[in-house]
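Per-chain residue numbering starts at 1, and chain names A, B and C are given in the order in which the chains are listed.
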Amino acid sequence: MASPVELLSRTNPVFSAYAFYAAILVLKMMAMSVLTARQRFRKKVFANPEDTPAAKGKVKFDDPDVERIRRGHLNDLENIPIFLLIALLYTLTDPSHLLAINLFRAFTVARILHTFVYTVVVIPQPSRALSWAVGYIITGYMAVQVVLSFL
Amino acid sequence: MASPVELLSRTNPVFSAYAFYAAILVLKMMAMSVLTARQRFRKKVFANPEDTPAAKGKVKFDDPDVERIRRGHLNDLENIPIFLLIALLYTLTDPSHLLAINLFRAFTVARILHTFVYTVVVIPQPSRALSWAVGYIITGYMAVQVVLSFL
Amino acid sequence: MASPVELLSRTNPVFSAYAFYAAILVLKMMAMSVLTARQRFRKKVFANPEDTPAAKGKVKFDDPDVERIRRGHLNDLENIPIFLLIALLYTLTDPSHLLAINLFRAFTVARILHTFVYTVVVIPQPSRALSWAVGYIITGYMAVQVVLSFL
């Protein structure tokens, strides 16, 4: 097996792909804050009294459009940080380059689709369930590989 | 002190234990999504109108059984990702092997117990408070060690 | 470019600063749990029936003081873990030491200020918006640098 210093360097194409897709996923999660803020100003609905003067809005916790984006953001928090950690440990198991890079890519595409069908244009189920499941299965596969490798 | 390349390799038993327990914790967090989905289908209670046709359910945000699991999941998000990061940095401080490995093990057991007494079989306090506190104290101890080591 | 083993060791001042500020941010996030618990006992307001006997409290989900701290904690979860990951990958791009260390420092100070003006002493906007934006822009800058570096 390659040494950890090789596995965690940019000469390892799996690690380079990890770093690239991790940064894309961070930017995707950051976009949720902008989507939430945009809906808050459009609907004039805020979570704190000190926020309301700006747009002459009011405090409200059950606006369906704002809460939908917040659920999408929370779903990201439940799924993406654990992927980012386990994908890094999976890289240290020296996996097949082709498989690992395509798993990173598939996870990233699936999470972008999940955000799109949940919060941008609501597309009937099972579109959201399937995009969520792709990410979930990839994370689970990597976690099991890490458990077996470091047992 | 050992070099970072030795500390982050599988020849370091502390790092191997870290990777193993981190993967177990990731799998444990993933189980929360299944527990939530199971309750949603059992109680026919969903968070989105497009989810309701599947089980002839309705949109509802205050079902006590569903919300209890969601609180357990949120508690995981508040406590486990920061542990996973700080435990990795703590590994780089070259700690006592025996202490470090047992802290990783104790954290993992405590968080599994926390989930169990919170969301599977509700056991009276202070069972949940104590299982939470074990994880909290371990995370805090490691964070202080990292601060002192990298000051 | 320096080798990854040098970039991830304590001889690299950027990595040492990363580890130090990461541990400070973990301790800051841990403080949110204490702030929440303190308000719950002060207002006798809890999220679970099994928690109420301790302080002769009641189950309530809309206490403004408790919910404000919980929003602050959730905002941390949305912003700090992605910073901790991207700042580590940014360290691997071998950035200017002066710039990187000051970005870590500025992010840490901004997030502490964010918590203070949101949950300790509520200071009128745009204090919270600005402290949030400093952290957001730093995270976004690092994510773009990582994308460009590992493209």
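Going forward, a residue touches a chain if its C-beta (ideal position, glycine included) is under 8 Å from a C-beta of that chain, and two chains touch if they have at least 3 such contacts.
None of these values were measured; they are calculated from a predicted model.
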item: Numbering shared by both copies at the chain B-chain A contact, with half separating same from different; value: different
item: Fitted rotation between chain A and its twin chain C in degrees, CA, nearest 5; value: 120
item: Intercentroid distance (Cα basis), chain B paired with chain A, Å; value: 18
item: Contacts with 2+ other chains: residues of chain A; value: 5, 8, 77, 81
item: Chain A to chain B touching residues, read off their complex; value: 3-5, 8, 68, 71, 77-79, 81-82, 85-86, 89, 92, 122, 124-125, 128, 136, 139-140, 143-144, 146-147, 149-151
item: Sites on chain B touched by chain A in the complex; value: 5, 8-10, 16-17, 19-20, 22-24, 26-27, 29-30, 32-33, 47-48, 50-51, 53-54, 73, 77, 81, 84
